[in-house]
Amino acid sequence: MWMETKREVEEASRSRGSFSRRVLNALLSCTGDMKHLDECMQDKSFVLQLAVWALRGVARVILANNPLSGTLILAALYWASPWQGLLGTLGVLVSTLTAVIMGQDSAEVSGGLHGFNGVLVSLLMGVFSSAGDWYWWLLLPVCFGSATCIFLFSGLSSVLDRWDLPVAVFPFNIVIFLYLLCTSQDNPYFPHHPAMPPGALEPNGTTLNAIEVIRGIPLGVGQIFACGALGPSLLILGAVLLYSPLLAAHAVLGSAIGTLAGLSMAVRHGSLYSGLSGFNGALGCMAVGGLFFTFSWRTHLFAIASAFLSAYADIALCNLLGTVELPACSWAATLVVTLMLLQTSSLAAYRIPIGQVMAPEHNLRSRSQWAAGNTAERESTDV
Amino acid sequence: MWMETKREVEEASRSRGSFSRRVLNALLSCTGDMKHLDECMQDKSFVLQLAVWALRGVARVILANNPLSGTLILAALYWASPWQGLLGTLGVLVSTLTAVIMGQDSAEVSGGLHGFNGVLVSLLMGVFSSAGDWYWWLLLPVCFGSATCIFLFSGLSSVLDRWDLPVAVFPFNIVIFLYLLCTSQDNPYFPHHPAMPPGALEPNGTTLNAIEVIRGIPLGVGQIFACGALGPSLLILGAVLLYSPLLAAHAVLGSAIGTLAGLSMAVRHGSLYSGLSGFNGALGCMAVGGLFFTFSWRTHLFAIASAFLSAYADIALCNLLGTVELPACSWAATLVVTLMLLQTSSLAAYRIPIGQVMAPEHNLRSRSQWAAGNTAERESTDV
Amino acid sequence: MWMETKREVEEASRSRGSFSRRVLNALLSCTGDMKHLDECMQDKSFVLQLAVWALRGVARVILANNPLSGTLILAALYWASPWQGLLGTLGVLVSTLTAVIMGQDSAEVSGGLHGFNGVLVSLLMGVFSSAGDWYWWLLLPVCFGSATCIFLFSGLSSVLDRWDLPVAVFPFNIVIFLYLLCTSQDNPYFPHHPAMPPGALEPNGTTLNAIEVIRGIPLGVGQIFACGALGPSLLILGAVLLYSPLLAAHAVLGSAIGTLAGLSMAVRHGSLYSGLSGFNGALGCMAVGGLFFTFSWRTHLFAIASAFLSAYADIALCNLLGTVELPACSWAATLVVTLMLLQTSSLAAYRIPIGQVMAPEHNLRSRSQWAAGNTAERESTDV
């Protein structure tokens, strides 16, 4: 059913007129990329448009491109911590507005591409701040950091475009590093917690709690938004499910693989319980399994490999960056996914050009349509 | 008056023949890029030519391309410390000669592009050496380091040319890192001082001295040459003023912004007083405000943004590199300016192709002439 | 005699039929790249083909491309330590098989390009493991690490191809870093020795032993395979001599230069005695002096410069990475050789396109043939 186009569903519901069809129709129109919404929004007020762009931006963090998913995620963030929710909202608005003011490409802005780095920077600044919630001075670096993301996004895209690579969360990772390095642990204005390397050994005597470890798997999905509570994490997973069930399945699979990798390297138990071991695996698995590559059994295997690589790279980077009290953020997943997108082997045949990336189910359906044109286009971008 | 072409001035002075005009004429011909000097020099001896190339190289450090500015700056260096002046002279000569021997592009050599990294490497080696002045063994690494800059310049230009980016001071930053890492603090042959991170807190009880902070602003311009004395710093600022008043204004503005950024992050007072907080801001501000972009109110705002970014990035890098006892040198400004040159947004419209970069006043004047041809050329370099 | 083509030798031996000629003929056919072997192997079984690919892969570590050299080197590794020999064999087989399964370019696979990173990763994992020999669990990371090299090779080649650069040992250097960072010193499953920075001062009282230092020069060639015994090191040098006497000469020269650089920076005596100071110099010297550039007196001078740069960069990186207990591996030589290949000056005229790199003697001979076509081709790859 999922594979049918919306038009077919519409036609079917019109001809038969059953109530259940109409409900399904309405439900289906809320899944995937919701491109039809963009057309409706064109004559609406700027504030309404900005809200949709911002919600897309929030969802983009977890590789979804759907304003309803964004709404659910934002609700989850406010549920977990109203202060964090506020910071996230401010971050996405500031970075999207900066992009509008700086005259970035309007298609990119309306697709939420200039929002997700701002959200992440704001959320992480909030999480690492040791000044407690509602420390209003924090809004200053949040605004400055979110705006800086646009500069980095624009500059990096010039470089990465040469290889048809997405900018992804490189700007977030760079900005949060600069912020944490600028403000040391005992900074008088913006103090922050140090990051603890996951390789640090536990005091002996503690045994691994299996239930806690399994609980860490859905938490790994929530940790993509630096959210460590179970309820909001499940809501975030639901938001991904709304966008694409395939992506949600890969998120859980990737988080489980990340946890497995953490176990094999004997990381701190806290790292497993909190889901911090899983979130890079989840991102690595989602990006390869369906989003940037057409789903098939081969890409599914590559997605598993990507999840393992992301998870191990994350442990390595955490241990390395822990020596200078920095967190590894999502560097590992970002670098591994970039590496996967650069592959020249059999994986390249499944690669979807960045400009045509949509929900995995849509990719799968339209695969046959663009496959023919793929080689020709690749050559033209390669010149 | 500044905006008139030299030919107009010449004609005017010829027709009216007033003495003041002739003085102004002579004065004006010493400002800007002094391209007319290159024509006069073509039939002169190699030693004289080398001197001009070297002086251009000295001025290039602070983004000026004028042999008279270079002379003034060299005088300032000798004034601050004869030993440092000697090292700088040796550095620029060795690196320029290496470029000649290695058969680098003659236009680049005569433009001083192969000199400025050598000057900086030599000066910084002298500043960090803890063996005191007139330690003659230091001339060995100075020569070797200056020559290495040419290899790095040539190699990096192959990569950066793809995006029409300048090599800037990347070679200097890399070579000085390698030197400081090779020779640890207690090296028996080449001992050096460790770099102190600016985030280190002062012992409490000290209050900030406002006059010292303001004094740090012109010192920030001098710190581009690792010079911490007020007189020579003002002479260096004068040398920039001779090349281009717009550039000099941006240097002071950028240094002030850097000091402001330092205050907002509560860096060590010594860092503010010595001008070390300001020099990255000054470089970031100068490069964007007039040199690589045509001056306008928009680019002026971007120059301010660039100065802030450079200054904060410098604090971050100082704190990071301080953990391994390395100085941040001018990495921050170099990276931020590179980022600014990569922007695809409205800023790109003001971008001057690297091959056509001249004094800001000249850029401003000839803007209309090449603006038409800009798009066509960009496409050809982009292929 | 070396300069004559094999065909001439064959003809000569046929016409005169002397026994000594026939022996020389057979001997000469075992030197160089042994391209004629590939033709013989095409109809052989897969296992035999895989063996040749793997042996080429082993030899590729030291820039030779000859299965007989590979056999000699493998014998040297088993001689030095059977466990290390086993790890190396497993590493090259796993990475070559992964490349076959992933559908990498068959010409690359049969040239051994997908084997050498696997060998190095396996050998270094064995050397750094503190669990002792015959610790079978180590085979797990060896297999996983060797397979990961293929992903990195494929991804990096997409990027580096733009500048016609070889991927070289970048994948090895990255994978071994990730492994060592993942598993800290006191990891319960995969413990490993920490790397010691060479800048650490010796307790005073020890005098440098000249014979040990000279003994360190051939050991430097062995250290390319992490082999610290004199006999196997000389056998490895013999294997290079079989492939190309010019390359072997540069290996010894480079190792001597590396030792000299180590002396000038007063590194730990152990570093000089074990050959660790020399191996980056050897690699840097070999790559520039004959392999990637046609041999001449100019390239010979550049090879010496490259050896010095590699050796000093290695000391710098060892000191830097020693602060986080990581070894510098062959980062220095890899980066310096990449830099040399990017040169635009007179050195570029001697550059051999990556696709046409063969044994130095062969390069020297065919120089005149492709020199004419070089400019045209360069332009086409530059577009």
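Chains here go by letter, A, B and C, matching the order in which they are written, and residues are numbered from 1 within each.
Heads up, the rule we're going with is that a contact is a pair of C-beta atoms (placed from the backbone, for glycine too) under 8 Å apart; a residue touches a chain by one contact, two chains touch by 3 or more.
Bear in mind the structure is a predicted one, so any value in this text is a computation, not a measurement.
Excluding subunit B leaves the other chains joined by touching in one piece.
Two copies of one chain, subunit B and subunit C, form a contact in which under half of the residue numbers belong to both partners. If you average the Cα atoms of subunit B and of subunit C, the two centres end up 40 Å apart.
Shown for subunit B are the residues in touch with two or more other chains, namely 162, 323, 383. Per the touch definition, subunit C reaches subunit B in the complex via residues 162-163, 199, 201, 264-266, 305, 308-309, 312-313, 315-317, 319-320, 323, 338-340, 342-347, 383. Across the interface of their complex, subunit B is touched by residues 102-105, 144, 148, 151-152, 154-159, 162, 177-179, 181-184, 186-189, 323-324, 383 of subunit A.
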